[in-house]
Amino acid sequence: MSLRGATTAVIRRELQLFAQRKSDWANPLMFFLIVCSLFPFAVGSESEKLKLIGIGVIFVGALLAAMLSLPKLFDEDARDGSLELMLASPEPLAALILARVAALSLALGIALSAVTPVFALFYALPFDVAAMLSLNVLMAVPTLLLVGSIAAALLVSARGGAILTAVLVLPLTIPTLIFGAGAALKVLYGESPAAELALQAAFMLLALALCPLAAAAALKISTD
Amino acid sequence: MIWESWAAFWAMGGRGLFVWGSYGVLAFAVIAELVTLKRARTSALKALHEHHEH
Amino acid sequence: MARTESQSNDKFAGSWFWRYASPAAFFPLAGKLEKLCWALAAVLAAVGLYIGFFVAPTDAQQGEVYRVIFIHVPAAWMTMVIYMAMAFWAATGLVLGTRLSFMMSHALAPTGAIMAVVALVTGSLWGRPTWGTYWVWDARLTSTLILFFLYMGYMALAASFDDKKKGDRASALIALVGAINVPIIYFSVKWWNTLHQGSSVRPGSSSMAATMLTAMMIMTFAFWFYCVAAALHRLRTDIIERERNAAWLRDTLKAASQ
Amino acid sequence: MGGIQGARSVMRLVVEKLAAERGGRAVFADLSFVVEAGTLLRVSGANGAGKTTLLRILAGLAAAADGNAAWHANDDLVRPAEAACFVGHANAFNDALSVKENLAYAAALSGHNASSQNISLILDAFGMKAMINRSFGTLSQGQRKRCSLARLLLLDSDSASNSNGRGGRAWLLDEPFVALDVDTQAQLATVISAKLVAGGLVIYTSHQAVDIHAANTQEILL
Amino acid sequence: MSLRGATTAVIRRELQLFAQRKSDWANPLMFFLIVCSLFPFAVGSESEKLKLIGIGVIFVGALLAAMLSLPKLFDEDARDGSLELMLASPEPLAALILARVAALSLALGIALSAVTPVFALFYALPFDVAAMLSLNVLMAVPTLLLVGSIAAALLVSARGGAILTAVLVLPLTIPTLIFGAGAALKVLYGESPAAELALQAAFMLLALALCPLAAAAALKISTD
Amino acid sequence: MGGIQGARSVMRLVVEKLAAERGGRAVFADLSFVVEAGTLLRVSGANGAGKTTLLRILAGLAAAADGNAAWHANDDLVRPAEAACFVGHANAFNDALSVKENLAYAAALSGHNASSQNISLILDAFGMKAMINRSFGTLSQGQRKRCSLARLLLLDSDSASNSNGRGGRAWLLDEPFVALDVDTQAQLATVISAKLVAGGLVIYTSHQAVDIHAANTQEILL
């Protein structure tokens, strides 16, 4: 009952912040858009080449956009002291973190996967590939944010070797990337993407189960 | 009248989807802009009246 | 200390520009202008579309699909013209410190961005039947896309300030920086495009019948008036928001509602 | 709502041989004292003596190097997070959200259900009612401090423990008078006195001389 | 004399900070590394494919890495009030900004261009292409940071952080990208990259002349 | 080094019909006063009255909505940045750098050439010499404040204007006593008195009652 109160409060606050500062979700979107449109300038405009890199660029772009909004999770709160409210709450920290990641995933995941098909167009990809990419972005963003929340929590005080944690955490997102881009590639080659999708979903559930607990532990470590 | 029939007009030589799609997008954009303009004005006036009442 | 508006007004007192540079004098004038522009836009659009659809003949090469031109080209032109106008008012604002100039810039930006979207989408829809693809990385198309980004950046920046006065000058500066960059970007994209020889297709090749040209020109004027009217409306809303403490606004609105 | 059953909670703090380190240097060591409900404890000392460090340890926000500090509610051991409220230099308000949104969030997080009336009532007490919808980032330094204190009261007021006049959670106040104007300083002193009369326990640090009316006072010099 | 004193003080402080917090330059480097190593997972590892996209990925990665360190220019100083020291200095603000950008460019430009050849090898690019890429990264990073300093200065008092900076800056860097990647491509195709290099240098000089002034104006606007 | 020729500089501040706005709201308006060298001006007022806003305008760090504030050095108009030093809530020290590095940077930026001895001498005066190589982020609240004050003295001390006892730049101190322990508060009061005796001009705000010995005092209530 009170746990529900606390988690809804976390989500409500997150949404209030999104409403207050549209830039929180609009800017990652613009970043994604711009990253996707930079590559042709560097690679060339032949549509054969573009088709080749399109899936990769779009997927990596979405992951980077999500990764860049990770600092929003705890940094500002740590600076103004709000993080201590969360730590001092009688409710389980992992649940509160999960609520916060959920709000961010929802906003960001939906926004990014909604514009993905447009970029697929820029890279001369067919419609079914675009749809598959979009679905995979929707699944990958929450996974990445969940895994990333551990890093974000560790980085709050930046005492525990900021770089080391980034190096440790980022490789964990590679499966997401492989399965996500793989599913779209399968569709491009006319094969069934079922295996990749299943693995992607499994990976997401695993992250959902483990990451909030790990992030809670990390947060406690880094605020000592 | 350069068109043989209304049907021919709507068909646009088989490219109706693209032609009317374009005009549709324009119409959507214009209507959306007009609606937001109107809304912004209404809320600005409302805020102004509230401000004057205080 | 920053130049205040009253100071600059004193300095240039008497000239017509400064008379209308104050929101109080401009507000009613803009109201009249706005109405005129809406009316002209509607009439010209009706005439232009009539000529475009019922007088202009079928194109020999493209068939009927070319009729997208009546909105595509005006939108493409407007998005560039509006960016220039926006940068002009931004510069005016930075140099002279007049609030109204910044407000003009803000009022123009959303319409400019919408025109960019219309140009991009209608162009894509035209490209599919003529080039067989929705998008090529042609210089003109690509620079329109970048122009759209510049509009978005300008608007995002203006919106991210709590302090409107700061937001005014900050976004004006970025509009100017963008304006200096637009030609550089255009030429480098063009140069890039020839380097790669990617798309052999690009707009602007076929010759046009006189009636087509007439319809396109009339539509262009209709777009002009539409954009001016929309910008003026937005400007007046902005004035209402910012001048809520001013007595003249109260009087003007009261007079208008009677 | 955790370990404290309001109706009977009488707080008690027992500190034994507490030692603290910051950055490898000992700040203080071998500190032992007991504070009972209804007592006002002032922690004093020169700049850098370790006052903030001590309060953060008592609030469970930092770890002690040695010894321990235990909070008891009616002789039951309770977690520091449940036993005490800490107000320090960082104000724990988000700059972009309004005062009200910030307060509602803090209340919900600590398991309270702050009604709108409640919030505006408490803000009114600190002369901040007119600013209830202002975003926190636009407030002056003293107005921010007032908001922190309003949160303190809010988290106290509707907890069952306080309604029957038996103390509630202990307050740990690090320089609570800083940035407040003279009237508000006096007002805060009154609020603290009331808390003590109700059986509460207050620990504070201050370099300012402000009179707080209290029946039992204790002082530690670090 | 005194101007020299002030600018050397700015540069010295910047270097002290780099020494103190290795993450300031190690993080952009890590980001670069991650971007470069993510693409093969999404695109597949055939060396023909990789060669095609290699130049683009490396160049875009370097630009993004540089861009993400832009908030470092003024944000922390604005938060702790040090920025006011700079604004109140009797020396011209543009010169102080230039000194600061120069220090960052030096550290970042050298670091990024030093690791560029390594990645070029990952992407199966020949040595001469790798060298040309490295040279171009060295020229592009200062240009980007100069242009970006305007946006960073404007954003000091706004919300939006790293991502809004990206939205403002990236479109303006397209010429740099085109000439930089273009030069490397020319070398790959066995042609002379002289024209691209000249244009790149010209663009850099233009940025050097105009950007510090614009950034000084921007900083005054946003702190006023 | 700009407009002030130390040997003859006698500061004077003339404020005429000054008005300030924050976030579209008027904070104060129609404020006029004159402050002569050797005078201590206290700006008082409740929380949110606009004290900080006023000091920031005088320091040239914020723009006035109307009216103007002019600094004169021997009847020559000078820029606020050259005329005054502002010490506010934000302490203008970088957390990662050492106290010494921070001070050397500040001195160089404002055209001074602070020697190591000079720095450690001044730090010693505020009891901070032992922490000269500590990174600023590890200091306690009061230690930070002491560093800000040390910087103030540093930028004053080796400017030509002060060496012959004629004032130097005006000081604008926003809540200078906050976070300082009692001894240091008294010490700061002495430093301010000395500045005034030397012909300096000091404007400050404070919610704390600290006695400052001064021949000429003025007060503005916002």
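Quick notes on this structure:
We just call them A, B, C, D, E and F in the order they show up, numbering each chain from 1.
We adopt the following convention: contacts are C-beta pairs under 8 Å (C-beta built on N, C-alpha and C of every residue); 3 or more make two chains touch, one makes a residue touch a chain.
Here the structure is a predicted model, which is why all the values come from computation and not from measurement.
Two chain pairs, C-E and C-D, are compared here, and C-E has more C-beta pairs in contact (counted per touch definition above). Per-chain CA centroids place subunit B at a distance of 43 Å from subunit E. Computed from the mean C-alpha positions, the centre of subunit A lies at a distance of 36 Å from the centre of subunit C.
With each centre defined as the average position of its C-alpha atoms, the distance from subunit B to subunit D rounds to 58 Å. The geometric centre of subunit A is 47 Å away from that of subunit F, both derived from CA atoms. Under the contact definition stated at the top, the residues of subunit F that touch 2 or more other chains are 23, 60, 63, 89.
Looking at subunit C, one finds that residues 2, 146, 149, 152-153, 156, 160, 162-163, 189, 192 touch two or more other chains. In subunit E, the residues touching two or more other chains are 159-160, 164, 167, 170-171, 174, 178, 185, 224. Interfaces, counted as pairs of touching chains, are A-C, A-D, A-E, B-C, C-D, C-E, C-F, D-F, E-F. Of all residues in subunit C, only 1-2, 4, 162-164 touch subunit F in the complex they form.
Across the interface of their complex, subunit E is touched by residues 1-2, 59-63, 81-82, 86, 88-97, 101, 104-106, 108-111, 113, 135 of subunit F. Of all residues in subunit C, only 53-55, 57-58, 63-65, 67-68, 71-72, 75, 110-111, 114, 117-118, 121-122, 125-126, 128-129, 226, 230, 233-234, 236-237, 240-241, 244-245, 249-250, 253 touch subunit B in the complex they form.
Residue ranges on subunit D touching subunit F, taken from their complex, read 22-23, 45-48, 52, 89, 138-143, 145-146, 175, 178-185, 207-209.
Subunit A makes touch with subunit E in their complex at residues 21, 23, 27-28, 30-31, 34-35, 38-39, 41-44, 49, 52-53, 55-56, 59-60, 63-65, 68-69, 71, 158, 162-163, 166-167, 170, 174, 177-178, 180-181, 185.
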